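Across the two complexes that follow, subunit A remains constant while its partner is subunit B and subsequently subunit C.
Right, the complex of A and B next:
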């Protein structure tokens, strides 16, 4: 199972992004500052935007899903129960896991932005999707749920997960790192080797690197372990 | 001074609260009442019960600037200059004055080069800056920001912090999930379950929240 980008150029408005590479099974982290083209890439990977040149091929992928940064765009149900059911899921367990136990009758659009984000992510993760593309999944989540999302992403063992984010306080364990630089996608390779090649790592990773320590992975815990010398 | 007395609205219940002038961070879990409080402070909603006064007047009698967490939703007009001019035109300021003010605000925020652009084609970071310019154009007594930083990277959030710091506005109330920003504010409110559980200086509130995820990142310093 993999997504292959061959000399792809994607244009949107006056913006242009070049990308080549292959995304295999595992968790891929794609970073880059606001406005660098992460959402454009996410949309193209999801099939919502055709490349102006080059080719994107999905091999052995039966299902793919894009989770948008603003959860309001996903809502179709009039109640939380209906909303979860619209994802083809059974409402009760999903609502409980998302922290909405007993609130199935509420209107999703009366929820706060962060609550809605929690709901949409819980639905997306509850489905078995071969290619899951998450565009800024951490935005709007509170500090506690950011950590919880990292934990749940770490539990996703099958399929391809592509996480596009500029988050700099919380990341999950990942397999490969990619970075958008100067209008192009650069594959930095597998962790931990890729961490050294990262031009704009989150500040907790940067702090470890500045002390000459390379964390085993990219979570805040990995950075802490590297600095405190409890591992490696 | 912002005075809140006997306010009950949706999940929010605040018997008595004084918020001093300055930059006030509102923190807490999703669904805790942050947006509800901010909408009341901005005068977007009126409380079912109780009273909110900003320097002695209800929010709807004060000039208010508001920026939400979804910059796409804040844009109304096609051109950036029209977007920033909108609050001034709605209150029927004379045209030459509007043009001058738009230029001044754009210069203050550093978006002079965006004035001729189309709002829909801006990047997220640019949209937030334009929304801030629009909110500040009318010289508000209070600037209310509802997790405006949630769609920004560390660098853009830093730029946002600087703009807020420079804004000539007595009250800046902002909800945030970035505890480093909250730690740099003048005071912090921690809301959970619709109640103000902790309020005071950042040091005092974060001390009360020790052991929770609501802590400035390790190694953080003022």
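Right, the complex of A and C next:
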């Protein structure tokens, strides 16, 4: 199971992004500043945007899902129960996991942006898609739910997960790091070796690197372990 | 055509000509062939589909209910083609420039600002709709009318929230009425002849 990008160029408005590489099974972190082209890449990987040149091939992938930054795009149910069911899932466990236990009859339109985000992410993660693309999944979440999302993403070991974010406070355990620089996607390789090559790591990783410590992975806990000397 | 004032004038004149008679519609279509780059939105299926399917469906309904469907098809197609051209030629801030130029920095500025905000909302809605359809296809493989209703309700609410936020920002920045703007317009060599021709077509169609 893998997604292969062969000399791909993606144009969107006046913006152009170049990308080559192969995403295999595991969790891939794609980082880059705001406006660098992460959402453009996410759309192309999900099939919502055709490359102007090159080719994107999905090998052995039967299902794919893109979770967009604004969760409202995904909502089609008239109640929270109906919404979870529309993803082909059983409502009770998913609603409990999203922090909505006992609220299945509520109208999704009455939920806040953060609540909708929790709901959509819980549904997407529960569906066990072969290719899961998450575009800025941490936006609109509070610190507690950011940590919870990282924990759940770290547990996802089947299929390909591509996480595109500029998040600076919280990341899950990942297998590979990619970075968008100067209009092109650069594969930095596997963790932890890739961490040394990262030009814009989150500040907690940067703090560890400044002390000469390379964390084993990219979570805040890994950075803390490295700084405290238990690893690194 | 580059001058937004002449684009607006030509659009109004040709729309009026196409609306009142079949000869006016044919002349407007001829003007579109001669004076524009004749670009249909081929890379974007929704507006292209709208330009073809909407007039055809409405004309078919008019014919079935005893009306003159062909006349309706010709006139509506001409109006939509000219409108599509005018929309594709637009640049940010033009409506504000034209409003201020035509009616001054009071009412003209207000009118231009409202126009700019409306066009911006159309762009946002277009983008939102694309994202919404992609999300629905990913979720359930197909887009049903039943599934669209709550999603569209969320988009409407988002648009209302955006309008309220924009109003708040303007109020916080001290906006009350009108503004100060000295617009400058760029003009291509064929702008004036094309606009004169458009006005001529309108006069020929409107004057008995």
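Brief remarks follow.
Here, the second predicted complex is superposed on the first by the 231 of 232 C-alpha atoms of A that agree within 3 Å, B and C clash if a C-alpha of one lies under 4 Å from a C-alpha of the other, contacts with A are read in each partner's own complex, and residues count from 1 in each chain.
The definition used in the following text is that contacts are C-beta pairs under 8 Å (C-beta built on N, C-alpha and C of every residue); 3 or more make two chains touch, one makes a residue touch a chain.
Just so it is clear, the structure is predicted and the values come from calculations on it, not from any experiment.
Applying the stated clash criterion after superposition on subunit A shows that subunit B and subunit C collide. Once chain A of one complex is fitted onto chain A of the other, the partner contacts of A:141 are limited to subunit B, with no touch recorded for subunit C. When the two complexes are overlaid on their common chain A, residue A:33 makes contact with subunit B while staying clear of subunit C. Looking at the shared chain after the overlay, A:224 reaches subunit B, while subunit C stays out of its contact range.
In the superposition on chain A, contact is made by A:70 with both subunit B and subunit C. Looking at the shared chain after the overlay, A:118 reaches subunit B, while subunit C stays out of its contact range. Legend: residue contacts after superposition of the two complexes on their common chain; A:151 is shown touching neither subunit B nor subunit C.
Note on subunit A: of its two partners subunit C and subunit B, the one contacting more of its residues is B. By the touch criterion stated above, A:55 is placed in contact with neither subunit B nor subunit C.
The single stretch of subunit B with clashing C-alpha atoms against subunit C, selected from 7-15, 25-33, 43-51 or 133-141, is 133-141. Comparing which residues of subunit A touch subunit B with which touch subunit C, the overlap comprises 70, 72. Contact residues on subunit A toward subunit B in their complex (touch as defined above): 13-14, 33-35, 69-70, 72, 111-115, 117-118, 136, 139-147, 166, 168-169, 202-204, 207, 224.
Residues of subunit C touching subunit A in their complex: 128, 130-132, 134-136, 138-140, 146-148, 150-151, 153-155, 157-158. On subunit B, the positions that touch subunit A within their shared complex are 28-31, 34-35, 69-70, 72, 121, 123-126, 147, 150-156, 177-179, 212-215, 217-219. Against subunit C, in their complex, subunit A makes its touches with residues 43, 46, 48, 64-66, 68, 70, 72-78, 86-87, 108-109.
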